Structures are given as structure tokens and as C-alpha cells.
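Structures given as C-alpha cells follow.
Each of the next two complexes has chain A plus one other chain: chain B in the first, chain C in the second.
Let's look at the complex of A and B:
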């Protein structure tokens, strides 16, 4: 029994206990405790800094051995996974679970789905060869389907759509694995690594498209992003937080294995895209950049807070891949670090939004407003979250995004830098819409009596917010994990300090930065209060509306068609080209299936089966 | 209260009323603050009548108001100057008063065109308020039908000079003699007239509460007033409040 066995066994035990006791009131607290134990066990594996930890479990299928081990990369992703599970289970453990039960849903199913997700992700992250990777991949797909579908209704439809994507992606990966197997006769990482060194460019392209395309589906990389927003947004509260924080990152984990560990950034740079001036690395970087921009601007148009954040989740994934594709110490560290900073940010943001949903019953941005007066702490959580999501100091998201930007500038990729900044602009605009339409402006009459989120939901939210700020203030400890991951991947490690990174070409020290920022606020406060400044609160109807007298029945907070001027400029770009593509594909498949159906079912089925059998026999004997 | 005779026209000066502080350092500081205030004025133009047409030339490249530090502003909370550019009908006047009360102090009112001075060519109209300074204290009148941009600029420079010298403090008059202004407003709009702004508590807030702030008209206001309490921010966590 190795320490990895303990971790996986406790994770499986969590699933079993949730199956048994999921109905009881203590299920939530039990889950929190078990995720806590898993976290401690993960810490004890020592996979981050030491040698990779292997599991004693090995299974052989068709003479292909499967084994599991944890290295620094697995540890890093597993840490975020278990952490997300811990906070989301905490959020669900108290009154949320009771309300969920009262609404006619099954908390047991929810807890089981969450535990299954954590377990399967841990299995996937531990995969030691391509076969166990594929099996872990499929397990994760089905577990996320379970979590997405527990809500029923629109959630069920979104989950089915996801399933089609995940299934197609899985089949593509399987085809790629078969190609590798026919070449090497083994799916061990070491053999595959040498294989990639020997293969011609055309074959590597094929494998990249098949396997990489399959992995990209889960990450929501363009053009496979259409399923993700609805599937994540419709999942019940904490489940949505969990999926948003980490689930799509499993795709990134697998892509890192493929692109960085197996093929290598150097090979990608050397591979030309035929008939263009682009290398494979440029191509992937540009796909990542478009993944940043397009979903972010779709998020700008959303009227539902959950969907707005879910669309951002797709966009932020682009930053991670973009940073990794730069491939230098700071860039790849920024990409990896963004997995962590974005994970805590998105979890906190979705929790805050679902706390509002818990209290008001809606996430519709046109039906909220002014809630800062009633839910100030939830407001604070959302404020910290959006500052981090938009990549502004002093929060965690700033550090990782700054590293990505800096590497793009320093490595001479100005156009990608502009693309990243354009994405950030869209993020800033849409998160402003989010906080304005929910918390600022006019409080609706129907929300006069709304109370602050319950303590059991508030504490994990505040905990995550504190984490966001602390990681922003002192990114050093978290960057040390990233540096270990980089070393294990063979990338140059980032030169980190407690406050940020140290680099002769321009480093970052968040301790100074935050200090100066706070000193600026302090000077402002000193001037205001020192000169006897007094503030005065006014009634919310004592507001300027072009000289009109406002009354309670007149709404002055305009949240519909929020960026009318901007939409006038960029509105025509929203044409749903990808939706059109998806529909065209669906129609083609439906047509082919109808034709096949017609052939074998209506036109002499017996003859058809006979003809097929004869043809097959002829093929196999010949 | 400002009477029309006391309101300066462009080119005239008002007797200095602002008391100098005895501490010379404080005096220097006041001078500095007043200088800064006079050089950064945000203007909300309430364009009611024909005078508005003289503002675009005054603002744009030919006369270029901005070289004096004067810029348009979209909301009263951030504006320093309320520019009323023509006749004010009774209906409009309500809005002008609402807007004026929403402005933060120190605030200045400029009446442009003869209509704001005495009703002008609408003097016989039943629907027009004749003298703007019956309803709110006016700092500068720029008379004319309409005044040319040069006159507008001259008026604004006069206001700047008054601010710099500490003479443009008629906004204080609104708080000190609120009863007087409210009386005129009630005469026009009826007894139930009320704006969302609580002027009396603002007068206390600024330390400008005087013997003439309250009177018969404010007593009438109190009878009809519907209170508008500011929205309170509540941290009401159910578990914690229940335990108390």
C-alpha cells in the first residue's frame, strides 16, 4: 500500500459512504470531512517535490499493463480538484442541501455525483500510460454527465448535448490510441515518447488532430465549446461551482501531457502548417487566443449570471493554453498558475451567484439589482472574484494573467498579446455588467426583505475570497508548486519569490504592488477624513433621471440591452457561426441515419442483411 | 435671500461677504482651494429655451469654454454650475429645482436670457415662472435675448472671479433662507410640493442652519411630507441574528 493507494481508497470510500448515507442530514458534513482527509493524504504523498508515487494497483488488459502514478503535474491538478470538492461540499452541506431536498431533488444523488467526479478525476490524473488515461478519461466524462444531469429539465438536455461531444471526442482519442498501438504495440508513456520522436510530421499531425481534438472537447476549446456553458450553468449550485472550477481543466491536463510532455513545444514549433507561414505552436496559440476572445464576448451578451460565468470559464481556459504555448519559464508558469487562480475565482463567483439565486430565486440579470444593501458579504465575495477574473490587482487572477501577458510581450508575440488584452477588455465589461445588475443600482421592492446568505454557504465563499486575496498578495507558495510542475514537465522553472517573480527583464512583486495600492487608498482616505469630509446617504429615489421625479413603481436601473452602444458596433459579429456549423453537422448525421434506416428497415431487410453478410465474408476470406 | 437688485450682472462686483479667517495659514489654504475650485467647473446645462443655441459656439472651438476649465457634465451630483438657458415653465421649474437640490455644494446657478431675469417675452404667460431667483439663489444673470457667446463667456469669467474671491456663496442662501424659497415654490406648485432631497437636514449637515431656514412654509411641508429614508445596509446573517 503506497500513499497514493490510501488517497484513492479514501476517495472510493467517500463515494461508497455517499451511496450509503447520502440520504441523511450529516451526509454533507461527512463529505466535507472526507474531502479534508483526501486533501491531507494528497499532501502526504510528496509527489510534488519528490519522485513520482506509484500505486500498487496494476491491471492487465490484453497484455497491456495499466498502472497509476502521481507526479508533480498530477499533484497540482489533484490538489485543485480535492480543494474544489471540499469547498463545494461545504457549501452544499448546510441549508442548501435542505432546500435542495425540499425542492424534490435528491441530495444523495448530488453527493454521489460530486464524490464520483472527484474519484474519477483522481484516477485520470494518476494515469501512468495511455490506456489508463483513456479509461480515466471516459470515467470522468460519465461522472461529469451524472453531475450535469442531476438537475433534470434544461440541465438534462445540456448534459445530453455534452454527451454527444464527449462521446465523439472519446472515439477520436480511441482512434488515435489505436494508431499509436499499431505503430508501437504498447501504450506506455516511454514507448510513446520515443515513437513521437520517430514519426513523420504528417503522422504527428494526424495524432494531434485525433487525440488533441478529443482532449480539446472537454476543455471547450474552439470549435468544440458549444456544449459547455449550458451544461455547467444548469448544474445545481455547488455542482456548478465544482465543474466550473476544475472539470474542464481535465482537458487541459491531458493536452499538457500530449503537447508539452509527449510531442514537446520544440517539435510543435518545428512543425509547419502546410501552405501557411504558421507553425503548429502558432496555430494552437491562435486557437487558444480565439477561445479567449469569442466566448468572452458571448458572455457579454448573456442575461443569466450563471451562463455569463460559464461562458467566461471557456474563455479563461484559452489563457491557460496560450501561456503554455509560449513555453518559456514565465509563460508556462502563468498558464499553469491560471488553472489554480481561476479555479478558486470561478468557484467563489459561482457560489456568490448561487447564494443570490438561493435568496431571490433568480439569476436573471434583468430581474435583480441593489442587493448590496441586503447581501453585503456576498457582494464582497463577488467583488473579489470579478477583480480576480478580470485580472486586476491585487487579486490572484492578476498574477497569472500578468505572467501570460508578459511572456507574450517578451517573446515577441505582439498580436497574441493584443488578442489576450482584447479578451480581458471583454471580461472587464461583462463582469461589470454582472456586479452592476445584481448588486448595484435600485433595490427592487420584492427584494426589500432579502437576507444575507446563510452562514453555511457564506463561510466557504468568504474562505475562497480570502484565498484569492492572499494568493494575490503572496503568490510565492503557490508559484513554488507551479515551478515543481514545470520541472517535472521538462520546462524551465519560473524564478519565483514570496511576492511574485524575479527576472532581470522585469519582475513582479505583489507585496510592493498591493502595499502601494493600499497606501494610495490610505492617502485618499486621509485627505477625505482629515479635511473633515463627511458622507451622507441618500434615498435611492433621490437620483437623477433627466430631471424626472422617481417613484417606487418607476425603474431607473436599466439592465436590459446593457452595452447598447457596444452592441451597435459589434452586434453584427454575433452570427452564431459555430451554432450553424453544429446544426449542419447534426442535420447531416440525421440524414445519413435516415437513409441507412430506410435501407435496412424498409427495403427488404432480409436481403440487406444477407448482402452485408456475404460482403463481410468475402472481405474476411480474401 | 437674493433680490434681483442685489444679483450682479456681468461686469459688476458684489460686496465681499465671505469672512476672512484670522489664521494666515488657513487663509492661504482657503485661497488655494477657491482658486482650484474656480479653475475646474463642471456645468450641467438645463437647456430650456432659445438660449441653449448659444452654448454650442461657446463650448466648441471658436470660443472654447474648456480653456477656462469649464466642461459639461451629465449628472447633477458631479456638477458645479447649473445653467438655465431660457424661460422656465411651471412644469420645467419643478425639474430645475429637483436638479438643483441634487447638486452637491458648493453649487452655482447661472440664468441666461431675459426670460430667467423677469420672464422676458413670456412675461404675460400664465405658465411661466418669471424670476428664477424667487425659487433658487442665482449667482449670475446673463441678460439678453439671446446673449451672444462672448456674453456667456464673460458671465462665466465673472462667476470664476467671484468664486476665486469667495463671493459666490449664494448656495448657502438656499439653506439659510429655505423657508423663503419654499414659500415661492409652494405658491406655484401647491401645498403638497415635495422633492426627494431633505434640504433642512442638509442645512444642518453643512452647518448652515439659520433662523430663517424654518418657517411657516417648512411647517406646511412637514405636514405633507412623505419621509424618504436612506436605504440601510444590513448584514443580516440568519444563523447569527437568531442566536442573539
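Let's look at the complex of A and C:
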């Protein structure tokens, strides 16, 4: 029994215990404790800095051995996975679970789904060859489906849509693996690595499209992003936080294995896209940049807080891949670090939004407002979260995005740099809309009696907010993990310090920056509160209305079509091009299956068999 | 350490003088005399001394604190003659993002005022930010790429090495032009002041600001004028060899948008975006193309 075995066993035990005791009141707290144990066990594996840790379990299928091991990359993603599971189970453990039960749902199903997600992700992250990777991949797909579907109704429909995407992606990956297997007769990483060195560019392109395309589905990379927002947003509260924080990153993990570990950034740079002046690396970087921009501006249009954040989740994934594709020490570290900073940020943001839903019953941005007076701590959590999501100092998200920008400047990629900043500006606009429409402006009459979120939900939220601030203040410890991951991937490690990045041509020291910002706030407070007369609080309706009288029964809250001027200009640019693509694909598949069906069933069975036989012969002889 | 106190102080005093200059230029163009030397300072003192100070809640107050505090922090990242402050700890990119903190603070403060006009103003101001920041970051990228560094100290050293011929404006005239254009929008001066629009949304973000709240915004404006002038000077005019040349440069830089401003009416929000995304952004990209090829 190795330390990895212990971890996987406890994770499986968590799933079993949730199946047995998920109905009871202590289930939530039990789950929190078990995720805590898993976290400690992960810390004990030493996979981050030492040698990779293997599991003693090996299975052979058709003479293909499957094994599992943890290296620094697995450790890094597993740490975020278990951490997300821990905080989300904590959020669910108290009154949320009771309310969920009262609404007629099954907390047991929820806890089981969460535990199954964590377990399958840990299995996927430990994969030691392409076969175990594929099996882990399918397990994760089914576990995510379970968690997405527990809500029923619109959640069920979104989950089914996800399933179609996941299936297609899985089949593409399987086809790619079959191609590899016919070439090498093995799916071991070492053999695959040498194979990629020998293959011609055309074959690498084929494999990239098949396997990379399949992995990109889970990550929500353009143009496979349409399923994600609804599937994540409709999942019940803590489940949505968990999915938002880490689930899509499994796609990134697999893409890192494929693009960085197997093919290599150097090879990608050398491969030309036919008939263009782009290399494969440029192409992927541009896909990543478009994944930043397009979903971010779709988020700007959302009226539902959950959907707004879920769309941002797709967009932020683009930054991670963009940083990795830049490929230098700072850029790839920025991409990896963003997985962590974004994970804690998104979990906190979704928890805050679901706390509002818990108290008010709605996430509709046009039906909220002024809640800061009723839920100040939730406001604080959301404020920390949006500053981090928008990538402004002093929060964690700033550091990782700064690293991506810095690497784009250093490598001389102006258009990608502008694209990254355009994404950030869109994020600032839409997160301000989020916080304004929920917490600022006028409080609605029906929300006069709303209270602060319950303590059992507030504590994990505040814990995550503290983490967001501390990682922003001292990114050093977290960057040391990133540096270890880079070393294990064969990338140059980032030159980090406790406060940030060391670079003779312009570095970053967050200790000083946060310090001066706090000092600046101190000076501002001194000027504002120290000088001048005492201010008097007035009722929210006691304000200047240009000659109108504002009465208590009519409230004015500017929230619908918040960026009217901007939408007047860019509104027509929002076209359902991707929806059109999806519909076209669906129609094509439906058409082909109808034709096949007709041939097979009614028209000419003999002809069909003949055609199939000819096609098979042609394939095998070619 | 003493630099960190002196730099914001210098920024504030220069900013006060810039407000005075702005009013004097406006007065001259309209054939008036204009206010006396200490008028901006008296205005701030008067606003803080008002008896009626209407607050709409803690975030309303904290927004003002954040607006001033963000600029106090940001100006320490901009090297002055003989003072580097924190320029070594956070370069150009950190500075640009630090300068967004005051806007966010103001936006939060206005949001809590619960006045629809204020919210409309903020939505327009953020849209304007989206507009002018795109040419701004194109310019920032060009300068950082040309000097191979995001450290402002190194950028200034490289510019001062060979006199006027190595200044940013001589090396990258197209980027300098785009930067000037973007700065006009960044300062929210005509024709880009749709978000304050006194006649239709009762001066937008300022609608609920009175007394020391308005006083705080006045202080913020001083810092904002200084920050814009100093940033342009550092990027394109070789920074300051000494205090005299530095002051001449920053005042000259700020005088240009002021003089243009009073000649224009204002554009609508979408026209601001269209204009700024078209001209300065294109000029900036062209400038970068010249640098790279």
C-alpha cells in the first residue's frame, strides 16, 4: 500500500459512506471531515517535490496494463479538487442541506454525486497511461452528469446536452487512441512520447484534432463551449461552486498532458498551419484568446447571476491555455497559477450568489438590489471575488493574470495581449453589473426583511475570501507548487519570491503593492473621516430625483440593459453563430442516421451490407 | 520610505495646480478672468467644512476612501526626478491596473447612493473605460516592447540616454499620438464626458455627492490629472531629468486636452466607443507594426 493507495481508498470510502449515511443529518459534516482527511493524505504523498508516487493497483485489459501514479501536475490539480470538495461540502453541510431536503430533493444523492466527482477526478489525475486516462475521463464525464442532473427540470436538460457533447468528445478521443495503438501497439506514456517524435506533421495534426478536440469539450474551449454555462449554473448551489471551481479544468489537465508533455511547445511552434502564416501554437493561442473574449461578452449580457458567472468560467479557462501556449517561464506559470486563483475565486463567487438565492429565492439580476444593507458579509465575499475575477490588485486573480500579460509583452505578441486585456475589461464591466444589481442601488420592498446568510454557509465563503486575499498578498508559496509542476513538465520554472515574480526587466512584488494600497486607503480614510463635518445617514429614497418625488411604493433601480450605450454599438455583433453551428451539426447527424436507418431497415439490406463490406475492405487495405 | 510620503504629496500639489490651470484655460477661452491661485484648495476646504453631509451608507463613504487611496498608491509607482518610490516593485502593467482601483471605488460608492441617474452615469463611465483602455494598452504594449522592459525606471533611463532623439515621442510618434488621444478620453474631457452629462442625468456619478463626498472627488480629480500627465511624460517625454523639466512637461501634456476640451460638444456613449476603437486604436496598432517589422 502506497500513500496514493491510501488517498484513493479514503476517497472511495467517502463515496461508500455517503451512499450509506447520506440520508442522515450528520452526512454533511462527515463529508467535510472525510475531504479533510483526503487533503491531509494528499499532502503526505510527497508527489509535488519528490519522485512520482505510484499506486500498487495495476489492471490488465487485453494485455494492456493500466496503472496509476501521481506526479507534481496531478498533485496540483488534485489539491484544488479536494480543496473545492472540502469547501463546497462545508457550505452544504448545515442549513443548506436541510432546506434542500425540505424542497423535496435528496441530500444523499447530492453528497454521493459530489463524492463521486472527487473520486473520479482523483482517478483521472492519477492516470499512468492513455488507457487509464480514457477510463478516468469517461468516469469523470458520468460523475459530472450525475451532479448536473440531480436538480432535475432545466438542469436535467442542460445535463443531457452536456452528455451529448461529452459522448462525442469521448468518441473522438477513443478514435485518436486507436490510431496511436495501431502505430505502437501500446498506450504507455513513454512509448507514446517516442511515437510523437517520429510521426509526420499530418498525423500529429490528426491526433491533435481528435484527442485535443475531445479534451477541449470538457474545458469548454471554443467552439465546444455551448453546453457549459447552463449545465454549471443550474446545478444546486454547492455543486455549482464545485463544478465551476474545478470540473472544467480536468479538460485543461488532459490538454496539458497532450500539448505540453507529449507533443511539446517546441513541436507546436514548428508545425505550420497549411496555407497560413500561423503555427499550431499560434492557432491554439488564438483559440484560447477567443475563448476569453466571446464567452466574457456573452456573460455581460446575462440577466441571471448564476449564468453570468458560469459564462465567465468558460472565459477564464482561455487565460489558462493562453498562458501555457506562450510557454515561457512566467507565462506557463501564469496559466497554471490561474487554475488555482480562479478556482478559489469562482467557488467564493458562486457561493455568495447562492447565499443570495437562499435568502431571496432568485438570482435574477433585475429582481434584486440594495442587499448590501441586509447581507454585508456576503457583499464583502462577492466584492473580494469580483476584484479577483476581474484581475485587479490586491487579490489573487491579479497575480496570475499579470503573469500572462507580462509573458505576452516579453514574447512580443501585441494582438494576443490586447485580446487578453479586452477580456479583462469586459469582465470588469460585467462583474460591476453583478455587484450593482444584487447589492447596490435600491432595496426592493419584498427584501426589507432579508437577513444575512446563515453562519454555516458564511464561514466557508469567508474562508475562501481570506484565501483570495492572502494569495494575492503572498503568492510565493502557491507559486512554489507551480514551479514544481513546471519542472516536472520540462518547462523552465518561474523565478518566484514570497511577494511575486523576480525579473530584471520588470517584476512584481505584491507585498509592497498591497502594503501601499492599504496605506493609501488609510490616507484616504484619514482625509475623509478625519477632516470635514460629520456625515448623516439618510434613507435610500431621500435622494435627488430631478424634480420627481420618489415614493416608497415605486422604486427606481437602473438594472435592465445596464450597458445600453455599449449594446447599442456591439449588440448587433452578438449573433448565434455557434448556435447555428450546433444546429447544423445536429441536423447533419440526424440526416446521416436517418439515411443509414432507411438503408438498413427498409430499402435494400443487401446493398447496405455490400456498401459496408466495401468500405471496411477499403479501410483495412489502405 | 520618506519618498512614499513625498510622492503622493507632490502629486496632490501638482494636481491642484493643474485644476487651476484647467479653469484658467477655460476662462481665457470664454473671455473671463478665471479663479485666483488658491481657489482649488479653498474649494476642497469649503466642501469638507459644509454643515450638511449626506451619506447613503458605509459603501458610499468607503467608495470615496477607495478612490483617493487607489491614486495615493498608484502615484508611488511613477518615478519622479530623484525618487523611484515603488517603481521597482511593480512595473507598467501593475500601474495600469492600480489606476483602475479608484474607478472601481467610485463605482461602488455611487452604486450605493440608490439614485438611478448615478447608476446610469457609472454604466456610461465603465463603457468609456472599455473604450479608451484598448488604445491605452496598445500604447503600453508598444512602449514596453520597444524598451524590452515593463519597469518604468528602465524605460526612463533608456529615454534619457540620448537626449530628445531617444525620447519615446521621437522613437514612436504614432504611439505617442494614439496615447494623447486616449488620454483625452481617460480624463473624461469633452467630447468624451457623456457620463457626467449635467443636463440629462444631473452630472451622473456626482448626483448624490455633496460636501466632503464631493471634496473627496475633487482630490481624486487632482490625482487623476497628475497621473495622466505624469504617465504620458514617463512613457514618451523621457520622464524628468530634474524637477524643472518634469514640471514643464507634465503641465504641457495636461494643457493639450484642456485646450481641446472647451472647443467641443459631447459624443453619445456608443459614438465615444466607436471613435476611440477606430482612430487611436488603429494608429496605435500601426505604430506597433512599425516597431515590430
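Rule of thumb we're sticking to: the second predicted complex is superposed on the first by the 592 of 622 C-alpha atoms of A that agree within 3 Å, B and C clash if a C-alpha of one lies under 4 Å from a C-alpha of the other, contacts with A are read in each partner's own complex, and residues count from 1 in each chain.
Just so we're on the same page, contacts are C-beta pairs under 8 Å (C-beta built on N, C-alpha and C of every residue); 3 or more make two chains touch, one makes a residue touch a chain.
All of these numbers come straight from a predicted model, not from anything done at the bench.
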| item | value |
| --- | --- |
| Joint occupancy of chain A by chain B and chain C, clash or fit | clash |
| First (chain B), second (chain C), both or neither touched by A:373 | both |
| Which superposed partner A:412 touches (first chain B, second chain C, both, neither) | second |
| Touched partner set for A:249, first chain B, second chain C, both or neither | neither |
| Partner contacting more residues of chain A (chain B vs chain C) | C |
| Touching partner for A:507 - first (chain B), second (chain C), both, neither | second |
| Which of chain B and chain C A:306 touches, first, second, both or neither | neither |
| Which superposed partner A:452 touches (first chain B, second chain C, both, neither) | first |
| Partner chain in contact with A:218 - chain B first, chain C second, else both or neither | neither |
| Chain B versus chain C as contact partner of A:538, first or second or both or neither | both |
| Superposed model, chain C segment overlapping chain B, candidates 4-12, 112-120, 130-138 or 202-210 | 202-210 |
| Contact residues of chain A, present in both the chain B and the chain C interface | 370, 372-373, 376, 443, 534, 536-538, 540-544 |
| Complex interface listing, chain B residues touching chain A | 46, 75-77, 94-96, 98-99, 102, 195-197, 202, 205, 228-240 |
| Chain C residues within the chain A interface of the complex | 4, 8, 47-59, 61, 64-73, 76, 86, 88-94, 97-98, 100-101, 104, 107-108, 111-117, 119-120, 122-124, 126-127, 129-130, 133-134, 137-138, 141-142, 144-145, 148-151, 154, 194, 202, 207-208, 211-213, 215-216, 219, 268-270, 273-274, 285, 288, 292 |
| Residue ranges of chain A touching chain C (in the complex, touch as defined) | 370, 372-373, 376, 379, 383, 387, 391-393, 398, 402, 405-406, 409, 412, 414, 417-418, 421-422, 425-426, 428-429, 432-433, 435-436, 439-443, 499, 505-509, 512-513, 516-517, 519-525, 527-529, 531-538, 540-546, 556-559, 562-566, 568-570 |
| List of chain A residues in touch with chain B within their complex | 370, 372-374, 376-377, 443, 451-456, 458, 534, 536-544, 547-550 |
